[in-house]
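Look at the two complexes coming up: subunit A is in both, with subunit B in one and subunit C in the other.
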Partner chain A sequence: MNTNLKISNVTKIYPGCVANDNISLEFNSGKIYALLGENGAGKSTLVKILSGVIIPDEGKIYLNENNLKLNSPLDAKKNEIGMVFQHFNLFETLSVFENLIIDSDEQRESVREKIDAIMKKYNFSIDLDIPVLNLSAGQKQKVEIIRCLLRSPKVLIMDEPTSVLTEQETSELFLSLKKFSEEGILIIYITHKLKEVMRLCDEVAVMRRGKLVSVSEIKNENIESLANKMVGQNLKTIKKKKAKTSSDQLIKITNLNFTSEDPFETNLTEINFSVNRGECLGIAGISGNGQSELFQVLSGEIISEKNSIEFNNNYIGDLSPQERREYLMAFSPEDRLEQAAIPQMKIFENVALNNFKSSNFFNNGLINENKIKEHSKKIISDFNVNTDNIELKSQFLSGGNLQKLIIGRELITSPDLLICFNPTWGLDVGAINYIHETLIKINEQNKSIILISTDTDELLKLSDKISVIHKGKLSKIMNSEEVTSEKLGILMGGAN
Partner chain B sequence: MIKIVKRDQPSRAIFFFTPVLAIFLTLVAGGLIFFILGFKPFEALKFFFIVPIADKYGFSELLLKATPLCLIAIGLSFCFKSNNWNIGAEGQLTFGAIVSGGVALLFYEQEGFYILPTVILAGAIGGMLYASIPAILKTYFNTNEILVSLMLVYVSKLILDYLVVGPWSNPEGFNFPETRQFSDSAKLPLLFEGLRIHAGIFLALAAVVISWFVFYKTYLGFQMKVSGFSLKTAKYAGYKGKKMIILVFLISGACAGLAGVGEITGPIGQLHREISPDYGFTAIIVAFLGRLHPVGIIFASLVVAITYLGAETAQIFMQIPKYTGQVFQGMILFFLLASDYLLFFKIKFIGLKK
Partner chain C sequence: MIIDINFIGLIIASIMASAVPLILASCGELITERSGVLNLGVEGMMIIGAISGFALMTVTGSLIIAIFGAMLAGVLISTIFAFLTQTLITNHVATGLALTIFGIGISAMIGKNFVGIPGKEFPVLFEGLKDIIPLLGPILFGHSIVFYFAFALPFITSYFLKKTKIGLIVRAVGDSPESASNQGINVRLVRYACILYGGAMSGLAGAYLSMIYTPQWIENMTGGRGWIALALVVFSTWNPIKILIGAMIFGGLTIIQFHMQAIGVRIPVQFLTALPYIVTIIVLVVISRDSRKIRLSTPSSLGKSFHKDN
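And now, the complex of A and B:
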C-alpha cells in the first residue's frame, strides 16, 4: 500500500525567529527522503511538528489525504508515524525488553514474539534481557528502531541518526533503512551530512533559515551543489598542503596514565605520542572513549606526573593550565558554552579568561580593562567575529562566532601548540570552513596542533598524523595519507 | 494586537528601569489593597511611606533599618553574582551576633578602646564561620547551599534562644530572656544626641565602597565571577574555583555577622531573643531590587527600610497589622521578578490588520 504524506503551508514562529516559513512538501513511500540543512535551518522544528511534539502556528499535515491533528507525540504514534530522535529516549537501567514494552498494552509474550520476528527479519542481534546501558550506541539505536517497528509505522523519521555511530554501524543502519523502504515504509532522513545524503537517499529537500530552498532528485545533485544550496553561497573547498616534515619535536607524552574516581569518566592507559613542529596530530574516536580526559590531562585541568609530558624540553606534567599557557600552549575545549566561554559575560571579559603574564590584562591584582578591550577588538577584526560590540554578552554570538572568538583568544599568545577538542562541533558549514582555514594557517606558521575530534572527515582533512582513541587507549600513530575513514571506523570500534 | 518579541540584547536602560517599575506597581497594588480594606488609598500610602520619615527622628530610624539591610545585601551580592544561593544570611547574622555578644559579655564592666574593634571583629568571624558550613558542604560534598544555609538559620536562632534563657541570661534579669547590658566600650557610638542612628552606618558604607572596588576592579573579583558562572570554566582558566566559592560565602557571612553586631551593640546593647526582624531574608529582596550593584543596593535598602517603618506607623494610626510591611516586601519582589520579563522580551503594539 502506498503512503502519501503531505505538509501543507506549515509555519512556526518563535520569538525572534521564524523556524518554519510556509513549508509545503510531499513524500511518497518507496523512496528515502533527505531533509538537509545547517543547524538552525528549521529541520528539527519541522520534524517535531510531524511527531506531535510541537504544534505549528499555521498549516496542515495530511497522511493519505486525511488531515492529521497532531497535538501530542501520542497522536503521531496513533497515526503510525514513528520517530527516532538524535538523543536516545531509553531507560538505561532497564533491560532492552522492558524498554520495548513500556508503552505497550499487549501481552508480554506476544510482544516478545513480535520483537523476535522483527529481529530475525532485519538481522538484528540484541540480547533482550541485558540492561540498555551495556549496549553500544548503534545497538541502542536499533532498540529505538524496533520500538517504532512494533507499531508497524507507515512513516519512519530519523533525526541525525549517525552522529553517534561508527562507520560500520552507519553502513548497517543504511542497509536496514533501504530494506524498510522497500517494504513500503516512508523514510524521512534528517541530516547535515552531505555524503550520507548522496549515499542513501533518493530525493532531497534543502532548508535554510526556516525556508524550503529546493526539492530535487539526488541523481541531479552532487556534494558541491547541495553544500551551496545548504549554505547559500559558493564555498571554496579547502585543501591542506602537505606539511614540511620537520623532525623538531615539540611535545612528547610518555607513559601517561589517568585513573578516575568518577565511574562515568574513562581511565587513560599508557598514552604515548609526540608531535613535531608544524604538525597536526588528529585523535579520532567515538565520543566517550577518553577524549575529554585526554584533553584535560593535556590542558592541565587534570595534573599528572611531571615527567609524563615534555614540552619544548621542559617537563610540565604537574603544571596548572595557567602555568602551561606561559610555556606557549593554548587550549580550546569542546564545550563552548559551559567551559570555553561564559555566555552571561561580555565578549571582552571572555577574552580575559586566557590570562598570561605578558598580556598585562591584570596588573597588581587589578583589572586593566583598556588592555583587555584593545586585545578583544583585535581578535574580533582578525578572526572575523561578526560583531563590533565587545560589550555584548557572548550568549548573543552564534556558535560559529563564539568559536572564532575562542580560537582567536587562544591564538593571541601565538602559541607553539594549540590543543582543540571538537572545534567545529555543531557549527554551520561557513564557520567550519573558517575554523579549518585558521587551523591550517597555524600549521603553515610552523606551529603545532593536537586535534581531538569525533568528526572523521575533519580529521582526514586537517591531520598529518592520526591516532584513534578507544576505551582510553591510543592506537598506533598513522600517517594520514595511509588512512581511510573505513580504517578509522574499524579502529574506533575497538578492533585492531 | 499585542505581540511579544524577544529582545536581541537586554538594554541597559531597561535593566535599571524594571526595579523602578516594580516599586511603582507595588504602590498601585498596595493602594488597591488599602482601598479594598476600606481605607483611602492615597492617605494610607502617605501614612505608610511619607509620614514615618517626615521628621528628623524618622529619618534616623530609616537609616537605622537600612544599615543592616544594606550591609547584608552587599555581602549577598558577592554570592548571588557568582551563582551561589546563600539564603541563610539571617542565620549568619544571628551567629555573628552570638559570637560578638559573647565577646562583649567577656568585657562586662570593663573599659578600653580595644574592646569595640574586638567585638566587631568577633561578629564578622562568627558570620564567616557560620557561612563556611554551607560553603564547604557545597564544594566538597555537593550539597545544595540553599537548603543547608536556610536550615542553619533555625539552628542559630535556637542556639541564641538557648543562650539567652540559659547560660548567658542576666543573673539580675528576673528571668527575662536577655543578657546583661554590654559596657559602653563594647557599644557602637550613637551619632546624634537623642537619635538612634549609630556608627554601624559607616561599616555599611565601607562595605559598599570595598565591594564595588573588589568586584569591578580586581582580578580576585573577576575570578569570583567566573567561578560562580562555571566551575568548569574556572578550572580551564586555571583558577581555584572551589576556593572562590568558599571566599564569597565568607565575605557574605562576614557582612551578615557585622549587621548582627550593629543590631546588638547599637541602641539595644545586649543579646535577646529577637535581634533581627528577618533582616537577613529581607536583604535578599534588597540585593535583587538593587540589581546586585553597590549603588543600587543603597537605594534599595532605603526603599525597603521604609516598609518596616511604614508598617509600624500604619499599625499605630490605622490599626492595620504591622505584617503589612511583609506584604509590601513580598509585592516588591513579586513585581520585580515579573517585570524582569521585560529584560528579555519587549511588548509590541501592532495594528489589527495583518
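And now, the complex of A and C:
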C-alpha cells in the first residue's frame, strides 16, 4: 500500500531561534528521502516533531490524508511512525529482549518469535539475553531498528544513523534500508554527510538555519552542489601539503600496557609507536576500542611506567597532565563539555584552567583577572570564536565555538605536541574546516599532532601516518598515501 | 550450663523482629531509587509513620485504621517530596534532607500529647504452634502480620522488578528517563508512584516500631533506622535479597551486643555499639563486589532530575 506523509507549514520557535520556519514537505513510500543540513539547521527538530517528541507551534502533519495529532512519542508509534534516534534510546542495563518488550502489550513468547523472524529475514544476529551495554554501536542500532519493525511501521525515520558505524556496518545498514524501502516502508534519512546522500537516497531536502532551502532529485545533484546549498556559500576544499619528512623524533611510546579494573573499559596491550616533529599520526578505530584509554594514558590522566613514554628525550610516563604540559604537550579531549571545559564556568575562567603555573595568570595564589581576560580576548580573535562576551558561561557556546576555544587555549602556549581526540565530532562543516586548517597549520610550524578519531575521512585528510586501534591493540603504522578508507574499515573490524 | 533450645529460638526471633522496620523501609526506598529518585527522607517518613500509627491507634482504637493510616501518612509526606522534586524539579538530596528534618520536628509536635500513654497489644498469628516445634516454633510462629509481610517483601520486590512489566518500566526509567520518555513512558508518573510507594513502606516501618516492636511513643524513636535503611539499599547494590541479609546482620548484631553488654563482656561499650554498623557495611561490600553486577543493578539516573523539554 502506498504511504503518503505530508508536513504542512510547520513552525517551531525557541527563545532566540527559529528552529523550523514554515516547513512544508511531502514524502511517498518506495523512495528513500534525505533530509540534509548542518548541525543546528533544524532537521532534528523536524523529525522530533514527526516522532511526537516535540510539539510544533504551528502546522500540521498528514499521513495518507489523515491529520495526525502527535502529542507524544506514543502517538507517533500508534500511527506507525518509527524513529531511530542519533543518540540511542536504549536502556543500557536492561537486556536486549527487555528493551524490545517494554513497549509491547503482547505475550513475551510471541514477541520473541516475532523478533526471531525479523532477525532471520534481515540477517541480524544479536544475543537477546545480554545487557545492551555489551553490544557494539552497530548492534545497538539494529536493536533500535528491530524495535521499530516490531510495530510494522509505515514510516521509518533514521537520525544521523552512521555517526557511530564502521564502513562495513554502514553498508549493511544501507542494504537493510533499501530492503525496507522495497517492502513499502517510507524512509526518511537525516544526515549531514553528503556522500551518504548520494549513495543511498532518491530525493533530498536541504535545510539551513531553520528554513527549507531546496527539494530535488539526487540525479540532478552532486556533492558540490549539495554542499553549497547546505552551507549557503562556496566551500573551499582543504588539502594538506605533503610534509617534509623529518627524522627528528619527538615522542616514542615503548611497550605501553594498561589493564583496567573496570570491565567496561578496554585494556591496552603493547602499544608501540613514535611521532617525528612536524608529523601528524592518525589513530583510527571504532569507538570503544581503547581510544579513550589511550588518550588518557598519553595525557597523563592514567599514569603508566616512567620509561614507556619518551618525550623530547625525557621519560614522562609517570607524570601528571599538568607536569606533561610543562614539557610542552597539549591536549584536546573528546568530550568538550565534560573533560575539556567546565560548562558552568565563564569563558575566561576556562581559559585559565590549563595554566595554573603561569605567573601571568596567578600572583601569589590570587587570580589576575585582567591578564586572563586579555589572554582570552586574544584567543577569541585569533581562533575565530564567534562571541565577544568572555563572561559567557562556556555551556552556552556552540560545539564549534567551544572546540575552537579549547584548541586555541591549548595552542597559545605553543606546545610541541597536540594530542586530540575526535576534535570535530558533531561540528558543522564550517567549524570542521576551520579546525582542520588549524591542525594543518600546526604541522607546517614543525609541531606534531596525535589525532585519535573515529572519522576516517578526517584521518585520511590530515594524517601523515595512520594506525588502527582494535580491542586495545594498534595495527602497524602505515603511510597515509598507501591507505584507503576501505582498508581502514577492514582493519577497524579486526581483520589483519 | 544447659541452654534452653527455645531460648535460642527466641533470640533469633527477636533479631528478625528488629530487622523488620529496616527491611520494610529499605525495600520501599529500593523501588524509589530504582526509578532514579534518591529520597533521603526515609528517617522523616518513618517517624511520621510511627506517630501517625500510634496516634490513630490511641484515638480511634482501631489497629487496622492505625496501620493503614500510618502508611497513608507516609504517602502524604512523600507526596510533598514528589511534588517538589518531580514537578518543581528541586534537588533530590536537599529536598530529602529537608523532609527528614520536617518529619522529626512535626512528629515531636504531634507526639507531645501521646508521651507516656501505653500502647495496645497487637494480635499475633499462629500463637498456638509456637511451642509445638522446638527451636523453629518461636522463630516461625507467633508474630504479627506485618512481620510476615516484611519477610516476604524482598522476594516480592525481586519478583516484581525482574518478572513484571511494571517492574521493567521502573528499571527502564531509572536507567534512562530520556529514553523512557521517548518510548512514550510517562516518567513523571512512574517516579511519583515509586516515591509514594516508598513513603507507604517507610510509614509502615514506622508504625511497626511504635505499635508492635515497642508499643509506645517516644520522641525520635526511629533512632537513625531510616539512615541505616538508606545505607542498606546502597550497600546491597539495589538487590532486595541482599537487603534481607544486611538487615538480619544489622538486627542480629544489635541484639547480640545488647546481650554482651548485659553479660558484662569486657569490650568497650562504644565498640560494641558501633559493631553492627561496621560489620553490616563490610559484609555487604564483600558480597557485592562484582563490578559488572553493580553496573547492571545501579540505576544510572539516580538522583538526577529529569525535565522533559518541549
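We adopt the following convention: the second predicted complex is superposed on the first by the 456 of 496 C-alpha atoms of A that agree within 3 Å, B and C clash if a C-alpha of one lies under 4 Å from a C-alpha of the other, contacts with A are read in each partner's own complex, and residues count from 1 in each chain.
Note that in this section a residue touches a chain if its C-beta (ideal position, glycine included) is under 8 Å from a C-beta of that chain, and two chains touch if they have at least 3 such contacts.
Please read these numbers as outputs of a predicted model, since none were measured by experiment.
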Contacts of A:321 with subunit B and subunit C, given as first, second, both or neither: first
Subunit B versus subunit C as contact partner of A:482, first or second or both or neither: neither
Subunit B versus subunit C as contact partner of A:340, first or second or both or neither: first
Contacts of A:349 with subunit B and subunit C, given as first, second, both or neither: first
First (subunit B), second (subunit C), both or neither touched by A:396: first
Subunit B versus subunit C as contact partner of A:55, first or second or both or neither: second
Which of subunit B and subunit C A:362 touches, first, second, both or neither: first
Parts of subunit A lying in touch with subunit B, wherever the complex brings them together: 14-16, 299-301, 320-323, 325, 331, 333, 335, 338-342, 344-345, 349, 352-355, 362, 365-367, 392-393, 396
Subunit C contact footprint on subunit A (complex, rising order): 51-55, 72-74, 77, 85, 88-94, 98, 101-103, 131, 133, 261-264
Residue ranges of subunit C in contact with subunit A within the complex: 165, 168-169, 171-172, 175-176, 178-185, 291-292, 295-298, 300, 310
Touching residues on subunit B, where the partner in the complex is subunit A: 4-6, 8-9, 216-222, 225-226, 229-230, 232-233, 235-239, 345
